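You will see two complexes here that share subunit A, one where it goes with subunit B and one where it goes with subunit C.
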Partner chain A sequence: MSEHSRELRYAYGLRIDSELDLPELQQPPPAGNDEPDVRIRLGAVPSEGPAGASQLGPYLWAGPRQFWLHIPEVARFLVNDGCEIRVDPEPGIDDDSLRVFLLGSAFGALLFQRGLLVLHGNAIQVGDRAMICVGHSGAGKSTLAAAFLRRGYNILADDVVPVDAQCRALPGFPRIKLWQDTASRMQIDTAGLRRIRPGMEKFNFPVVTQFADCALPVRWIYILSGENQPDIQLDPVAGMDRFLPLRDNTYRVSFLKGMGLNGKHLRLIGQVAARIRLVRVTRPDHGFELDALVDSILADIAANP
Partner chain B sequence: MGGIYWLASYPKSGNTWFRTFLRNLKADGETPVDINELSTGSIASARGWLDEVLGFDTAELTPDEVERLRPVVYRWSLREPEIGYHKIHDAYTLTPAGEPLVSREATLGALYIVRNPLDVAPSAANHWHCSIDQAIEQMGQPDMALCRSRKSLPPQVRQRLLSWSGHVESWADASGLNLHVIRYEDMLDRAQETFSGAARFLGLPDDPARVAKAIRFSAFGELARQESEKGFRERPRHTERFFRQGRAGGWRDRLTQEQVQRLVKDHSAVMYRYGYLDAAGEPV
Partner chain C sequence: MSPETRVVRVPDLIASEMDGDLVMMSIERGEYYGISGVGTRAWELLEHPVSLAEIVATICQEFEVDAAIGEQDMRKFLEELIHRGLVQTVA
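After this line comes the complex of A and B, so read on.
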């Protein structure tokens, strides 16, 4: 399909022209020009990282303007200058698998290249501002996002949350990734949902009517972790102590090393740290009441508007 | 430099105790290290470690895909400036691609801690929040694995344990592996000799006074005292205490005759090999 007959897609305030179909993403707002901000192209990606980039991992290279990632048996990705992602699929791989990593690590890198602070978590609209939940993989972020959705809140972004220099969270696209266990807990029937990859018990859950499609100032950030204690506990983090936890919850801290973005990124973290309320949320490992967790966070938000 | 020494064991066999010793030995301080700061290195199955080195989320991969990538991640640690000491509960297995999970190249050696399965069973039942019979059942299952749910996202990736015997033999008989086996019971009864030998194997200081102090600072009484004062963050929620007894032979009060017989029947060869059965096949 030629560039002109293809419809543009839209995420993080960017108009995206993609050779890979991206049904999860919305179309750009009607006003404005047709010139894409980001081009996603299917084509050859070299089998090694680009010259001038440093190797940060067995499958990962990053330089000041280029980012190279290989997902074995899925694809190689080359992200250029915040405006192009080249995808080189491995033989026989399905489009869903390509999309998962394109919209994850590759987009995360692209947003870094565009100078944004990228957090690993999800963003929920509360009033006219945004609350972000971060935490390590398996901490329960997506379950919590699903619980907020069930309470009627809108979501801005899931997994990759970019924050700009004005401390605003940018909206991604209207879906969350939902594990089967979470869906069962929420009494969501997954029969009609598309798996994020074949063979995985994890689903694309569209949230079209509960999607906040405009950038919102970030007011609260909650760091979620599971520990073996009986109660949900909230501990506010004050002043300069906010800096390190924010850095640690950046989407793939290691990307920054090779991108030469450390200085700029750290300044951005400093700016955000100064403007938000940061709270550590420790919840019991198992069997905790999800509603109680949502209530605790909402109470904290209400007490700290 | 880099590379990895694995601190390997079946769950509930003294791994945490050994890591506490290791931290105290390295710190060589005036007071015992905090049991909540035992950061000797991530456990081999920690998702955070894998994700950071890979640059993409293991949450988006199937357990078999993750397993194929694990040796590659461990090999990457050869580029680290320092040697890593990492806990591992996985059995010594081959990935679906046929290479050792722990990576032959990355592995400097493995310290394997073995404990009498008669004592592992009640401790594992407490840890897994199941009955002793269920724990015995699981210890006998050749395909036992931890974190095997495919419907949710545990913080650790799937770990194949095999049966208790299978676990011990997988490490003890792994070909070409630089291995040092210690017994939990010897960590108690012949502490100085056992811990000194382990320290030497791991390339760490083994001077007697320093080892003796580290043993003292990681003794059961000290660990239990710290846990009762400020808790232990590695304790599973359903258990009252992580450091419960810290002794050998507790099974005599905890197991029924049938339970003992079942464990002996399931694991007699390995129990005999490590001195947990006498020549007549009776528990020692």
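After this line comes the complex of A and C, so read on.
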């Protein structure tokens, strides 16, 4: 299909022209122009990182304008200047696996290159503003997102949440990723869902009507962590103590150093920290009531509008 | 350090206000530092070369601190900043 007849896709406010099908992404709003902001191309990517980049790991190079990533047995990715991602698939790899890393690490690097603060979590619409839940893998972010969806709330983004210089969360695309155990707990049948990669017990759960497709100011950020304690506890975080949790919950924070973005990142965190309520949510490791957790967070939001 | 020793921030620092406190990073070392309370005011003064005595005078006036205690605290604070490589003495 030629570049001109291919439909553009849309995520994070960017018009995307992709040679790899991205069925989970929406189409751009009709009024916009046809010029893509980001081009995704299938083609050769050199077997080493580009000149001027520094090697951050065995399969990872990053420089100020270029980012190079190799996922063995999947693909090599080269991200250029916030406007192009080259994908060089390894023989026999399936498109779902390519999409996982393209929409994850590669897109994360592209959003960094575009000057955004990229948080690892999910963003939920509350009124005309956004609430973001962050936390390390396994902290219960997607379970909580699913619980908010079940309560009728809309989601802006899952996993990768970019926040712009005006402290607005940008909408991603209408799906959340759910592990089988979360789905079972939420009584969501995964039989009709697409696995994010073949053989993985993690599923794409499409969010058809509950997607917030406009940028919203971030007002609250909740940091989820599990601790061996009896009750759900919410502790506001103030002053300089806001820095480390926001840094630690930055998406792929290790990329920043090679990209020369640590200084800019500190400033972005400062801008966001000045405008939000930041709360650490400690919950029991096992057997906590999901509805009680949602209620606690909603009560905190209501008390701190 | 003597009260007349003049000190100033080192150049390669990026600082960001965080809810009233300051978080700084050294670009060269990639390390982060935090300053809170009276220290944030002293840090403002350190933008241009300034002596310990001048800092103490300003702090004691603005925060109604006793001069002897102010000097003791600020000397300790500046020595720590010098030790961390965030501030340098000027000739």
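The working rule: the second predicted complex is superposed on the first by the 305 of 305 C-alpha atoms of A that agree within 3 Å, B and C clash if a C-alpha of one lies under 4 Å from a C-alpha of the other, contacts with A are read in each partner's own complex, and residues count from 1 in each chain.
Simple rule for what comes next: contacts are C-beta pairs under 8 Å (C-beta built on N, C-alpha and C of every residue); 3 or more make two chains touch, one makes a residue touch a chain.
Since we're looking at a predicted model, the values are computed, not measured.
Enquirer: With both complexes superposed on chain A, which partner does A:I71 reach: first (subunit B), second (subunit C), both or neither?
Expert: Once the two structures are laid over each other on A, A:I71 reaches subunit B alone.
Enquirer: On the superposed three-chain arrangement, identify whether subunit B or subunit C touches more subunit A residues.
Expert: B
Enquirer: Quick one: classify A:A299 as touching subunit B (first), subunit C (second), both or neither.
Expert: A:A299 contacts neither subunit B nor subunit C.
Enquirer: Return first, second, both or neither, reflecting whether A:M200 touches subunit B, subunit C, both chains, or no partner chain.
Expert: After superposition on chain A, A:M200 lies in contact with subunit B alone.
Enquirer: Quick check on the superposed pair: does A:L266 touch subunit B, subunit C, both, or neither? Answer first, second, both or neither.
Expert: It touches subunit C, and subunit B stays clear.
Enquirer: Does the superposition put A:A165 against subunit B (first), subunit C (second), both, or neither?
Expert: So A:A165 meets neither subunit B nor subunit C here.
Enquirer: Using the touch rule from the top, collect the residues of subunit B that touch subunit A in their complex.
Expert: Touch list, subunit B to subunit A: 47-48, 51-60, 62, 65, 68-69, 72-73, 75-76, 149-156, 231, 233-238.
Enquirer: Could you please specify the touching residues of subunit A with respect to subunit C in the complex?
Expert: Per the touch definition, subunit A meets subunit C at residues 238-240, 242-244, 247, 257, 262-263, 266-267, 269-270, 273-274.
Enquirer: Which residues of subunit C touch subunit A in their complex?
Expert: 14, 16-23, 25, 27, 30, 32, 34-36
Enquirer: So in the complex, which bits of subunit A are touching subunit B?
Expert: Subunit A reaches subunit B through residues 56-60, 69, 71-73, 100-101, 104-105, 136-139, 142, 179-182, 184, 196-197, 199-202, 226-230, 252-255, 284-287.
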